[in-house]
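Each of the next two complexes has subunit A plus one other chain: subunit B in the first, subunit C in the second.
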Partner chain A sequence: MDFNYILDALPDLMRGLKVTLTVSGLAILLSCIVGAVGAALRTSGFKPAEYLVTGYVEFIRGTPYLVQIFFIFYGLPSLGLRLSVFWSGVAALTLWASAFQIENFRGGLAAVSHGVRDASASLGLKRWHHALLVVFPLAARAALPSSMNTIVATVKNSAYLQAIGLVELTFVAVDRIAYDFRAIEMFFSICVIYLLCVFALSGLGHALEHRLNRPFAGR
Partner chain B sequence: MLLLEFRSFLFDGLLNTLLLSLVMILGGTLFAILFAAGLSLPSRWLSRPVFLIVECLRDIPLMVTVLLVYFILPHIGISLNPFWSSALSVSVWGGANGAHIIRAGLAAVPRGQSETVQAFGLSGWKGLLLVVVPQAMPVILPPYISLVTGLVQASSLGAVLGVNELLRSAQVLIEQTTIARGGSPAYLVYGAILVVYFVLCWAIAFVGRRLEAHFAKPYRRDRPSIDRGKDPSQVLVPTVPLDVRT
Partner chain C sequence: MGQTSNHATGGSQDVCVEFSNVDKWFGTVQVLHDINLTVGKGQKVVVCGPSGSGKSTMIRCINHLEKHQKGRIVVNGIELTESKRSIERVRQDIGMVFQSFNLYPHLTVLENCTLAPRWVKGVPRKDADALALRYLERVRIPDKANFYPSQLSGGQQQRAAIARSLCMNPKIMLFDEPTSALDPELVREVLDTMAQLASDGMTMVCVTHEMGFARQVADRVIFMDAGRVVETAPPDEFFRNPRERRTRAFLSQILH
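Showing the complex of A and B:
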């Protein structure tokens, strides 16, 4: 292994990492919003919305992510929606992650006990206050471990986007291998970078979990 | 219509996808058993490295693993064709995920069971297979079925290396018709492929639910028993929520 070569390639890899983090950051943000709204719709009791959300979740989870990406990038333009590589990537990653976040948040909502509703009714809280100030914090706390898993998976799955030519970390590595044939060096460095990202994120998740659990600890 | 016109071409792709998925499922199961055995080795010096490998495989993106195996193996003198290369990398990835499923399932069986097996003098393998594993099945199966659908979906990664499976056939079909006739039929072909994969995964989930029901049978409360006819409140075990903490 030639570490000087890795040092040489580092600026390129960092540019790739920046794209990886931007795409997955945007997708994480959007998918959390879609996930919260979707989970709320799914438990709203309004049947058509429930079926629609369930169908969406089942379809995304039942089809390969790579085919979804190709459908969005190559298929949508002929239906009149032309997105750049970057925004196709964000869209595909968001659509995929949202399906999982909806399930995670639904699990979180299910973990909030029914007594809470009676409690806020007896305190005279309005429906919106009850939903935003009481249920949401409890549900978010319950959903945190599983949604953290999805967030980590979102960062990892951004690697699939090299298949449509988004210049992210994996694409940079494969591109350089095509010119220099330094496969071992390149794969070693991107593996280390991905592992660091995953460790950092899951460490952050654990810290957050610990912090949010404080009101319940030590009893 | 385009899809009907090239149905035999797409059907060949589907067959290859099924074959590739089957190899991945078998390989993944094999690696899962190997890794699970490696994780429970008595010596820490042996089980720690296995743990490290499993964690790395789980944390590195699958796309990177697939490309890594394809590009690195020739460097160390092993050249596999795209089919076996993708089969190997996805199997290893599936094995790393499956190892934790198997381990959690076996850990869920109370210790008393394996101790009783020993007391009855059943040798290690027999006792494990005949007594412990059937009881672990209700815990293992649900995540294992979703791993199997994950493996079927991951078989589409073969297209990145150029295996002629369903996704690759779709790509070829789209390229050829775009060149020959103009106007990309991508949304149609990819849409159809999405539906095919969905039906495939749905079928696997269906079979999985039947299997789950089979292994859960001994634990069902409503099955006919000699207690029928007594006061139901005495027969049924009251369900007490174990975790009442909110």
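Showing the complex of A and C:
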């Protein structure tokens, strides 16, 4: 393997990484928000909202991710919505990740005991105070491990976006291979870079988990 | 304790809780039949009865954790209706302690106690902390203020839950089997706290099978069976000379 070649390609790869991290970062942020709201709607008891969210989750989970990306990039313009490559990528990744975050948060909500509801009601706490100050932190903690898996998968799945021409990390590697035929060097490099990203994220997740678990550690 | 405000909807100032002909159904199953009950200011009422007899449901109707379908419930002169306002007003006056403590597990004992004062009443943090510490001292766990519930024994958790309720300065305290989830050696400390509260003049409704506590503290003991109030009597009479056959059967089981 030619390490000099890798060094040579590094600036290009870093530019790709920057796009990968930007797109994934936005998608992670947005999907966590959509996930929390979606899970709240999904368990709201308001039937139309529940069906809508369930339908959305089932649709995303039941269709190929690549088809969803193509649908947004090639399909939406004919419906009158034209997004740039970048925002198509963010939209596709967000839509995909949101479906899983909704399920993760729903699991988190289910883990919150009914007892605290009674406690808050008897103390006269308003419903949204209870939701924000009690249910949300407890549900977030319960959802964290599965949510972390989705976050890691979101970063990895940003690679699919090269299919619509987003110049992210995988695109850069594949592009260079097409010219220089240094497949081993390029795939080795991007694997290492993805792994480092995933390790960093997992580390962050574990630290957060540790922090949120402190009250539950017992004596 | 605070003064009883009288929002005269009928009922004298000295009546805190009044049930008139209250029925409740869960779906198609009727779990409360024609409940009549009056709790005067400062009175202590103990409710007992077999499992499934409707004790929890009845006591939870007092602060509208369960809603009744028929009859009237009036608390401190305010009738409980579907209106949010009446529910809010009634809950301001009532504290409740549960069998399973129901503390907020992600908050320290102090934060458990200050959450409602701060967010419901808008008490500034420093004042809420001071208030909470005063009540934690009263239930004798001031040293646990900065611990999480999981770091406390069951008895300490229940006393923390009592302090949390007291921080809202209630006029009535409801207890739903506050000691049944506790190891036997921890029951005493919670009952002592409750007895102290009683001697301070708090109006109390307690679902409990601690008959020693009932003897010591109660003005009246109520026996429920199958969703009805079967017998009501002062503790002496209730234990020495129960009128109803079902009460006798129940007592003979409870008092071994």
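Everything below uses one rule, namely that the second predicted complex is superposed on the first by the 217 of 219 C-alpha atoms of A that agree within 3 Å, B and C clash if a C-alpha of one lies under 4 Å from a C-alpha of the other, contacts with A are read in each partner's own complex, and residues count from 1 in each chain.
Throughout what follows, a residue touches a chain if its C-beta (ideal position, glycine included) is under 8 Å from a C-beta of that chain, and two chains touch if they have at least 3 such contacts.
Please read all numbers here as calculations on a predicted model, not as lab measurements.
J.: Could you tell me if A:L123 is touching subunit B, subunit C, both of them or neither one (first, second, both, neither)?
T.: So A:L123 only meets subunit C here.
J.: On the A-aligned overlay, A:P77 touches which partner chain: subunit B = first, subunit C = second, or both, or neither?
T.: First partner only.
J.: Scan A:Y65 for contacts with subunit B and subunit C and give back first, second, both or neither.
T.: first
J.: Between subunit B (first) and subunit C (second), which, if any, makes contact with A:P137: first, second, both or neither?
T.: In the superposed model, A:P137 contacts subunit C only, not subunit B.
J.: Using the superposition on chain A described above, determine whether A:G115 touches subunit B (first), subunit C (second), both, or neither.
T.: A:G115: touches subunit B and subunit C.
J.: Going by the contact rule stated at the top, is it subunit B or subunit C that touches a larger number of residues on subunit A?
T.: B
J.: Show me the subunit A residues, by the header's touch rule, that subunit B contacts in one structure and subunit C contacts in the other.
T.: After superposing on chain A, subunit A residues 113, 115-116, 216 contact both subunit B and subunit C.
J.: Which part of subunit B faces subunit A closely enough to touch in the complex?
T.: 56, 59-64, 67-68, 71-72, 75, 149, 153-157, 159-160, 167, 170-171, 174, 183-188, 190-191, 193-194, 197-198, 201-202, 205, 245-246
J.: Applying the document's contact rule, which stretches of subunit C touch subunit A when the two form their complex?
T.: Residues 60, 63, 65, 88, 91-92, 94-96, 98, 100-108, 115-116, 119-120, 148-151, 161, 164-165, 168, 174.
J.: State the interface residues of subunit A toward subunit B in the complex, per the touch definition above.
T.: Going through subunit A, the ones touching subunit B are 59, 62-68, 70-71, 74-79, 112-113, 115-116, 156-160, 162-163, 170, 174, 177, 183-184, 187, 190-191, 194-195, 198-199, 216.
J.: What does subunit A use to touch subunit C in their complex?
T.: Those residues of subunit A that touch subunit C are 113, 115-116, 118-126, 129, 133-134, 137-138, 141, 212, 214-219.
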